[in-house]
Amino acid sequence: MATAHSKSAARLMIAPAVFVLLVWMLIPLCMTLYFSFADYRPMRGVFETWIGFENFIRFLTSSSFLSSLVTTLQMVGGILVITIAGGVLMALLLDQPMFGQGIVRILVIAPFFVMPTVSALVWKNMFFNVDNGLFSYLFQGLGFPPYDFLSQSPLLSIIVIVAWQWLPFATLILLTAVQSLDSEQLEAAEMDGAPALARFRFIILPHLSRAITVVILIQTIFLLSIFAEIFVTTNGAFGTRTLTYLVYQRVLESQNIGLGSAGGIVAVILANVIAIFLMRIVGKNLDN
Amino acid sequence: MARAITTQKKVMWTTLAWCFGLLMFFPILWTFLTSFKTEATAIADPPVWFLFDWTTQNYADVQDRSNYPKALMNSIIIAVGSTFLGILIAVPAAWAMAFVPGKRTKDVLLWMLSTKMLPAVGVLYPIVLLAKWLGVMDSRILLVVVLMLINLPIIVWMLYTYFREIPGEILEAARMDGAGLRSEILYVLTPMAVPGIASTILLNIILAWNEAFWTILLTTVDAAPLTKFIASFSAPEGLFYAKLSAASMLAIAPILIMGWFSQKQLVRGLTFGAVK
Amino acid sequence: MSIKRTLLTSVVGLALATGIASADGHATTITIATVNNGDMVRMQGLTDAFNEAHPDITLEWVVLEENVLRQNLTTDISTGGGAYDVMTIGTYEVPIWGKNGWLVSLSDGMADDWNADDLLPAIAGGLTVDGELYAAPFYGESSMVMYRTDLMEAAGLEMPDAPTWDFIREAAAAMTDRDNDINGICARGKAGWGENMAFLTAMSNSFGARWFDEDWNAQFDSPEWAATIDFYLGMMNESGPAGAANNGFNENLTLFQQGKCGMWIDATVAASFVTGADSTVADKVGFALAPDNGLGKRGNWLWAWSLAIPTSSQKQDAAKTFISWATGPGYTELVAANEGWANVPPGTRTSLYENQAYLDAAPFAQMTLDSILSADPTNPTVQPVPYTGIQFVAIPEFAGIATQTGQQFSDALAGNQTAAEALANSQALTTEEMEAAGY
């Protein structure tokens, strides 16, 4: 029912947001694009404006590119699986009648407020450390030999740290969805003698599907750019080098801005492919 | 009879939930405890739980070596400033998208979200060069703007989903009564959207508070927030667990407390349109 | 009481930070970026003493963990600088940045009593490009063997002043007692050009290996490198700590201080920590030169954390005043008066090693000096090389390459791949990177 007047007003109102994001997108992105075709190595004092696709070829054909892609997918996938499975269980648990529900909820969401650098430092030093970490004492107490998490299961260690931070987020969103569940329907099913697993499979899970897609979308956006956790714990060693981290190494450690910029452009393109893919699913889900 | 079973069940659920809750909270609790130990107690074998000489020396040491109040101030200004600037720009945009959807509204929305996937380090040099050219390196305003831009897509999307829940008929009615666009937003829409806006604000303060790439690389002294404060206590020479814990608690305490006090608000509004 | 004090200072500090921070308008404020190592934190703690002598200069400190500091400094300097007036950088960066014209020469304009001639020639040489000194050494270090005299005795062995690698390996195996949490040898395993690659590169020199031949071809496929890595992995697996692949300088320091290492080969500056108050084994530590293999080169390195002024600084005079103070002979005496002679920053000045008070207080002084003097960055390897630097190769690409090769060797130490795989991967990626760099 929108009038022409309100249509143009609407455009006017969207304009600032679109404009600032366009500027934010375009200026740095264009500069990055420009650098990606240049031989730009400030430590050598080299700046040659056009070397064609050399940086792209070098970045894409280097052996580290494919492995970093695989690592990224494993890491993001692992975290998503843990947070969603854990989030659903936690949300269902928190929805049960209990004493001190408010306090439990506070305890569960607390990790979300901890900055990534801090949580990585705490986990690395106070839990994973072989000599002085708590897990090490636990292992000793149980009679196992000491286990060096960060070098033996590096990817899993980082997944645990990040999942710990994001589990509360998934729980919160899923909890809201669980609470909107039609309890009469559930009770009716229970009366009919449907076992708990069937109730979960055929009533609860379908109801949560939309919330789960939202969690996947939002978390993927954040997880693709994980940096601090890797930087603090392994510095990219032991096969924990994600695409983001590889670009970081090219730009800051090797000081090859051209090559790093090419990597950045590749990452943007890949992220957008994933984004479009995700949006398709979510977009469909959002419409109805 | 039925009642007894309920109580029994309730006790069971309570136990289970508390176990999980404490498990999730444990790393923070452990950091808190460690921050009151001496360095030697912090790595004692076997670990010491509560029975040790509690000391605040670590906090005093951390205080001596760095300017915590200043970092805290900067964190607050940057987190709050970027959030409110973002809200200011996002509310009209989300309003328009929700109530006057055009053919390309969805595309614009999705495009906005995709800007969030720009890998930060890929545009590091461009941003630093721009900031230097504009003469705004190490200023709070730079971080306010950069963090606002990073989180704007999330803000717009969250608000959009809230606004869509508001029934259009109410607006129609208001329009019939001759309400202008401004009063429509101010008097009709805003009150209904308050819970949504509040939780958007909360979530974005948390995200901005914890951002640790730009806040470290775009600051030196004047605008350096708590994320940078932490970097001076990680991995120095010698034993450092207790001091690191103290610094960590100082860095996360303000946001943790804010989060706890406002968790009802946060929980109520945090849906991203996940619930229909 | 102390909580109250903390609260009080917070409130006052808050007021200061928000309102009256720039009250005294006359003072020149200089921004100093430095590492959060013990000696630098001590320097920061002596700010008041500096201000007593120079009330017209205000010091603004940016103290960061090494990796974060490096991120900040390189981003700043390679985009034209401007954020800092004094930067703490090492022997690797100074020649490269100096050559790029990014640093101010300290050959003149320093305080009269600063006395450049007193600097140890080996250290000063590494900070000099074309006759201009581009940074003032704050502390200098080589590497050496630190060992537990009691464990050595219990093993029935005697540490020579100049041990060989074979002796070290044998002694390490003899000292190891895993049931009692004693590891014969601690050495760096954490990936990084300044971590395990510093150790391995220096070690490889004594095995006759080199990074590049005279035409800049990577040499990880040479038998010398294979011997180095085999020996390193073998020794660490026999007698090293469980989490060796994650242990850098600091982790090993903690282990040694807790009495969990029989020997530790690392920076000479660690000597004052392992004999200091935090150490449980302070009175049982002996020192020896870094090991060799009889090929004429020892496995010790040379490094100096140094203070430099970027050319972009607008306050170069004030910065020079500060550097003169922090790296001058007066500072040594100041620290000695406040914290004792054993804690003065070592390894930069000849006069310190002629000072009887220091020699008495620091049992490691002579060994530190001998280690530093025996290092020769201009002639680091057995075979000729086109580069300078002992534990590094003084080219801009080195940091990036060595961090990646470091990850390969760290992975091998963790048992995730074999030595041969690590070497082959290192050879491939080094060749790739050097090609990209146009060699």
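A, B and C are the chain letters, set down in written order, and residue numbers restart from 1 in every chain.
In the analysis below, a residue touches a chain if its C-beta (ideal position, glycine included) is under 8 Å from a C-beta of that chain, and two chains touch if they have at least 3 such contacts.
Keep in mind that this is a model prediction, so the values were computed, not measured.
Novice: Determine, using the mean of C-alpha atoms as each chain's centre, which chain is farthest from chain A.
Specialist: Comparing chain centres, C lies farthest from chain A.
Novice: Tell me which of A-B and B-C has more C-beta pairs in contact.
Specialist: Counting C-beta pairs in contact, A-B comes out ahead.
Novice: Just give me the whole-number Å value for how far the CA centre of chain B lies from that of chain C.
Specialist: The mean C-alpha positions of chain B and chain C differ by 38 Å.
Novice: Based only on mean CA positions, could you tell me how far chain A sits from chain B in angstrom?
Specialist: 15
Novice: For chain C, which residues are shared contacts with two or more other chains?
Specialist: Correct list: 71, 75, 79, 254, 258.
Novice: Could you tell me which residues belong to chain B and also touch two or more other chains?
Specialist: Within chain B, residues 43, 124-125, 129, 231, 234 contact more than one other chain.
Novice: Counting only residues that touch at least two other chains, what does the list for chain A look like?
Specialist: 132, 252
Novice: Under the stated contact criterion, what part of chain C meets chain A in this complex?
Specialist: 67, 71, 74-75, 78-79, 96, 100, 190-192, 241-243, 245-246, 251, 254-255, 258, 260, 396-397, 399-401, 403-404, 406-407, 410-411, 413-416, 428-429, 432-433, 436-437
Novice: Help me check something: in the complex, which residues belonging to chain A touch chain C?
Specialist: My answer: residues 41-45, 58, 62-64, 129-132, 145-148, 150-152, 231, 234-239, 241, 249-250, 252-256, 259.
Novice: Chain B touches which residues of chain C in the complex?
Specialist: My answer: residues 2-3, 5-6, 9-10, 13-14, 16-18, 31, 33, 36-38, 41, 44-45, 60, 62-66, 68, 71-72, 75, 79-80, 82-84, 249-250, 253-254, 257-258, 273, 278.
Novice: For the complex, give me every residue of chain B touching chain A.
Specialist: 6, 9-11, 13-14, 16-18, 20-22, 24-25, 27-28, 30-31, 34, 43, 45-47, 89-90, 92-93, 95-97, 99-100, 102, 106, 108, 110, 112-127, 129-130, 149, 152-154, 156, 168, 172, 181, 206, 209-210, 212-213, 226-227, 230-231, 234, 241, 244-245, 248, 251-252, 255-256, 259-260, 263, 266-268, 270-276
Novice: Quick check: in the complex, which residue numbers of chain A touch chain B?
Specialist: Touch residues, chain A against chain B: 1-2, 6-7, 9-11, 13-14, 16-18, 20-21, 24-25, 27-29, 31-32, 35, 90, 93-94, 96-101, 103-119, 121-123, 125-127, 132, 134, 137, 141, 164, 167-168, 172-177, 180, 210-211, 214-215, 217-218, 221, 224-225, 227-228, 232, 243-244, 247-248, 251-252, 257, 260-261, 263-265, 267-268, 271-272, 274-276, 279, 283, 286.
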